[in-house]
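Same chain, two partners: chain A is paired with chain B first, then with chain C.
Entry: the complex of A and B
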C-alpha cells in the first residue's frame, strides 16, 4: 500500500511541486491550501504517513496547524515537516515547540525534499 | 536548477501575477489605512510567496529583490517601522520593479536596469541594518576532502524526552547514520528507564552510544542529527583524526550545518558560468571603474551608424532594418505574453461534471427507449427529449461560464493609475469602483483594459478640474471618478463617470468646424456633437499634457469597443460631469436570435437589436424623394429595407402591409426591415463568414439551424448602410 502525505501550502505552484515530487516517489497526496482546509480535509481520515506544511498561510497558519494535528490521536506521532524560507532560529523553535518533526528550507529541489523525508520516515 | 520543476513555471508566472496584484492593491489601500495589520500580513504573504517560489525556479534576481521587500514589510507588520508615504511609495516602485524582473525571468533574460540596484539599496536603507536576518545562506556544500580517508567517530547521544511527540524516531536516525558509514558497538543505555508502572509511554528515556566509520566529514554526521541536536546532549568525537570532539549543545553550528546540507539555488551557479561582456570583467577585476565603462559604452557607435558612416548603407535602409527589428521584437513579445490558460473555480468544474453525468443518464434512457419503441410511448420520448434539451442547455451555460471572469481583474489596475495620475496632474482624485464581481467573457475582459484606461485617463486629465477651480465652482476639492459594471439584458455595461466640468459644446463644435468635420453654421443636436470626440485626431485640450490630449485615444477606444460588438455612448452635463457608457456583449460566440423567413430562406436577427415588430397600415408607407421608402411608426419616419430586394429573393409578400416589419436599432439609429414571417427565437453560435468565405454586405455571420441547414445572421448596421445607399440611388 502506498504511503500517504498531507501537503499544505497556500501557493498552488508550491503545492503542485511538492505533490509532484511526492507522487513521483509513490505517495498518495492530499492537498490543502491552509491549516483550516487541512483540518477539514483530514477529518475522518484514519492516519497518514507524512505532513508537509508551509508556515505562512491565511486562515490558519502552519504553527497552529501543527498544534492542532498533535492534539489528534491519529497525527500524534506522524512526522510533520515545515516548509520555511526563514533560516531564522525563532521560526524553527516555534515550530519545534508546536511539535514539528523537522524543516525544509526553501528553495529546495526534489532530491533534497526526498532526502529530508527519508530522515523522518521509516522506509 | 531542478529541471523537474520546469513544467510548473507557467503556473508560477500566473500565480506571481496574482500576488503582484494583491501587493499593489494592498499597498494602495495601506496608504489610506497605514495601521491595518491584516492588510500588511496579506501583502507580506504575497511577497513571501513570490520569494519562496521564484527561488525554486532559480529566478535569483526575483528572489533576492523580493527578499529585500519582504524584510521591510516584515518590519512594518511587526510594528518596528511605521508606514510613511515615503515607504509606501518605495514599496510601490519596488512592486513595479519586481514586475519587470518577473517579466524578464519569463523571457529568460536579465535586467540591467540601474533602478533595480537603486531600489535594492533604498529598501535596504529603509530597513534598518540591525535585527534583520540575512538572506538565504549563500554558502554551498562543503567540498569533500580530496584525500578521502576513512574516519571514525564515537557518538554519544541522549535525545530529549519528548522526542516521540514531535514525530521523531531514534531508530530512524541510527539507520541514517548507518547509511553514511558503518556502525559498530551500538549500545543503548536503559539506566534512566523508570519502573514499569511509572513509565510514560510517550517519553523517551533512552540514550545511545556507538562508533561510526565513515568517509563523510563531521558536518555530514552532525546533519543527521539536524532536527534534534539543539535539544539533545550530543557528543561526536573524531577518533582517527585525533581531533577533540566539540560538545554540541544548544545552538552550536546548527544553521551552518543546515545550510551546508541544502545547497541553496541562490548560489549563482548558472548565470556565472555564462560568458560576460568584456566590460563587466574589467570592472569586476578592478581595471576600470563602472563609470569609465559606462562612458566608454556611451561613445560606442551603433552598428547602423558605423555602416552609414562607411557609406555601406543609406540612413533610410538602416532605419527600415531597425523598424523591421522592432516589429519582430514586438511580435516575439506578443507571442510570449499571450497567456491562453485560464483558472477555473473547481466548483464550476464539479457542477459541469455532474451535468455531464446527467447527460449520460438521459442518453442511456433514450437509447433504451429507442431499442424497443412503440407509438404508445410517444409521450415518454417527448419527455426525455425535453430532458435532453435541458441538459444540453445547462451544459452550454456552464461551459460558457468557465470563460467568464469577474471584471474586477480589469479594474484592479485603476487605483494605481488614478493615484499616479492625480499626483502627476496635481489634482485630488478619488476612484470609486463598483460591480467588480460582474462576470464576462475572458476575451472581452482582456480587450477592454486599454479602452478603459484611455477613458479613465481622459476623465482624470480633461474631465476633472484642478482643486482651485473646483472650490471656485462650489464643488468638493476632491474629484471623483466612478467605474461601475453591471448586467443589462444580454449585455454588460461599464460606465466611467466623473464629476468634472463636462464636455464643452462650443469648443467641440468650433474644433469640428476647423477640422472640416462639420460645415460652418450647421445646426447640430447635442447627441450629434458628443460623438465628434471619437473622430481620429480630435482633441480640444488647450495644452498637451503628459497624460492625454494628443488626440489619440478616443477614436481607438471607439474602434476597439466596436470590434467587440459593443457601443460607446456619452452623457454629459456642463459643469456637472461626464459619463461614458460602454455596452458590450457578454460573450462573442453565442447570441440570442430571432429566426425570420423571407420566401424560402431563413435568417437570424440578433434579438438585442429588435425593438418591436409591426404590420403597417397602407397609409403609413411613404416614398420620399432623396430618402427612399419610409415608414411612419407613431409619428416617427424610419427608413424601410425590403429584405427580399437586398438579397434578391422570391418573397411571399411584396406588400409591407401583408408581411411583417421588424424595427431594428443599432447605435441609436433605427431601421425597419420587411420579412415574410417570424418563425421563433433561439440561441445561435456565430460562425465567421470572413474566415470561411468572405464578407457579405448585410450579413454578420452564419450558423447551423436546427434542421441542419445554414442560416445567415443579419448585420443590422450593414442594413442601415444599405438603406442609406438606396435612398441615395432613389435621389439620383
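Entry: the complex of A and C
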C-alpha cells in the first residue's frame, strides 16, 4: 500500500511540483491550498504518512496548521516538513516550537526533498 | 487664515499648528517615498533578473533532456527533471516578490489617502513608519538583504547562522531538521 502525503501550498504551480515529486516516488497525494483547506480535507481521513506545507498562506498559515494538526491524535507523530521561501532563524524556531519536523527553503531540489523525507519517515 | 485649511477650525494659532503638522506629515511621507522608490525598483529589477535567469536555465535543461538518447539512464533523466523542477520554481518566488511590492504600494496608498483627508486625520498617524511596514512584508532573506543594500551604501552581508548544520549530502543551508 502506498504512503499518503498532504501537500499544502497556495501556489498551484508549487503544489503541482511537490505532488509531481512525491507521486514519482510512489506517494498518494492530497492537495490543499491553505491551512484551513487542509484541515477540512483531512477531516475523516484516518491517517497521513507525511505533511509538506508552505508557511505564508491566506486564511490559515503553515504554523497555525501545524499547531492544529498536532492537536489531533492521528497527526501527533506525523512528520511535517515546512517548505517555504522564508529562512529567518526566528521563524524557523517558531516552526520548531509549533511542532514542525523539518524546514526546507525554496526553491527545493526534488532529490534533496526525497532524501529528507526518507530520513524523517518512520522505517 | 482661510477656513479651507485641513481640519481648519478653532483659533488662528490652532489652525497654524495643524497646518504645520500637516506639512510635516507630507514631508515625512515625501522623504520616505524618496528612500523607498529605489528599494521597490530594485525588488522589481531582481524579479526580472530571476525570470531571465530561470528561463535560460529551463532552456538549457530542456535541451539537455531532449538530447538524452533512448539509452539514457533513469538517473540521468531524473537529474535533468530535478533541475527543471528547481528552475520552474522561479514562478512562485517572483510571484511573492511582486506581491510584496504590491502590498507596499497599497500601504503607501492608504497613507496618502490619510494625508489627503487632512491634518486632523494625519496628526496621530504620521509617525507610522511606512518604511518599517514595507520590511514587514518580506518573507525572503534575499528581499531583506536587497532592501538593506539599497537604502544603505555601507551595507555588508550578514554572516550566515543556522539552528543546526545541515548534513553534507543535503543541499547546504536549505534544510534544517529539528
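Everything that follows uses one rule, which is that the second predicted complex is superposed on the first by the 122 of 123 C-alpha atoms of A that agree within 3 Å, B and C clash if a C-alpha of one lies under 4 Å from a C-alpha of the other, contacts with A are read in each partner's own complex, and residues count from 1 in each chain.
We take it that contacts are C-beta pairs under 8 Å (C-beta built on N, C-alpha and C of every residue); 3 or more make two chains touch, one makes a residue touch a chain.
The shown structure was predicted, so the numbers you read here are calculated from the model rather than taken from an experiment.
S.K.: Once the structures are superposed on A, label A:108 by its partner contacts, choosing first (chain B), second (chain C), both or neither.
M.R.: Both partners.
S.K.: In the superposed arrangement, does A:77 touch chain B (first), chain C (second), both or neither?
M.R.: first
S.K.: Looking at A:57 after the superposition, I want to know if it touches chain B, chain C, both of them or none. Which is it: first, second, both, neither?
M.R.: So A:57 only meets chain B here.
S.K.: For A:45, decide between first (touching chain B), second (touching chain C), both and neither.
M.R.: Once the two structures are laid over each other on A, A:45 reaches no partner at all.
S.K.: Between chain B and chain C, whom does A:118 touch in the aligned arrangement: first, second, both, or neither?
M.R.: first
S.K.: Going by the touch definition up top, name the partner, chain B or chain C, that contacts more of chain A.
M.R.: Counted on chain A, the partner with more touching residues turns out to be B.
S.K.: Starting from the residues of chain A touching chain B, keep only those that also touch chain C in the other complex, and list them.
M.R.: 11, 13-14, 17, 20-21, 56, 85-89, 96, 100-112, 119-120
S.K.: Show which residues of chain C lie in contact with chain A when the two form their complex.
M.R.: 78-79, 81-82, 85-93, 95-96, 139-141, 161-163, 169-171, 173-178
S.K.: Applying the document's contact rule, which stretches of chain A touch chain C when the two form their complex?
M.R.: Listed in rising order, the residues are 11, 13-14, 17, 20-21, 55-56, 84-89, 92-93, 95-96, 100-112, 115-116, 119-120.
S.K.: Considering the complex alone, what residue numbers of chain A touch chain B?
M.R.: Answer in residue numbers: 10-14, 16-17, 20-21, 24, 56-58, 70, 76-80, 83, 85-89, 96, 99-112, 118-122.
S.K.: Touching residues of chain B toward chain A in the complex: what are they?
M.R.: 1-2, 4-5, 8, 11-12, 15, 42, 44-45, 48-49, 51-53, 55-56, 58, 63, 133, 136-137, 164-169, 171-173, 175-176, 202, 224, 226-227, 231, 251, 254-255, 258-259, 262, 264-266
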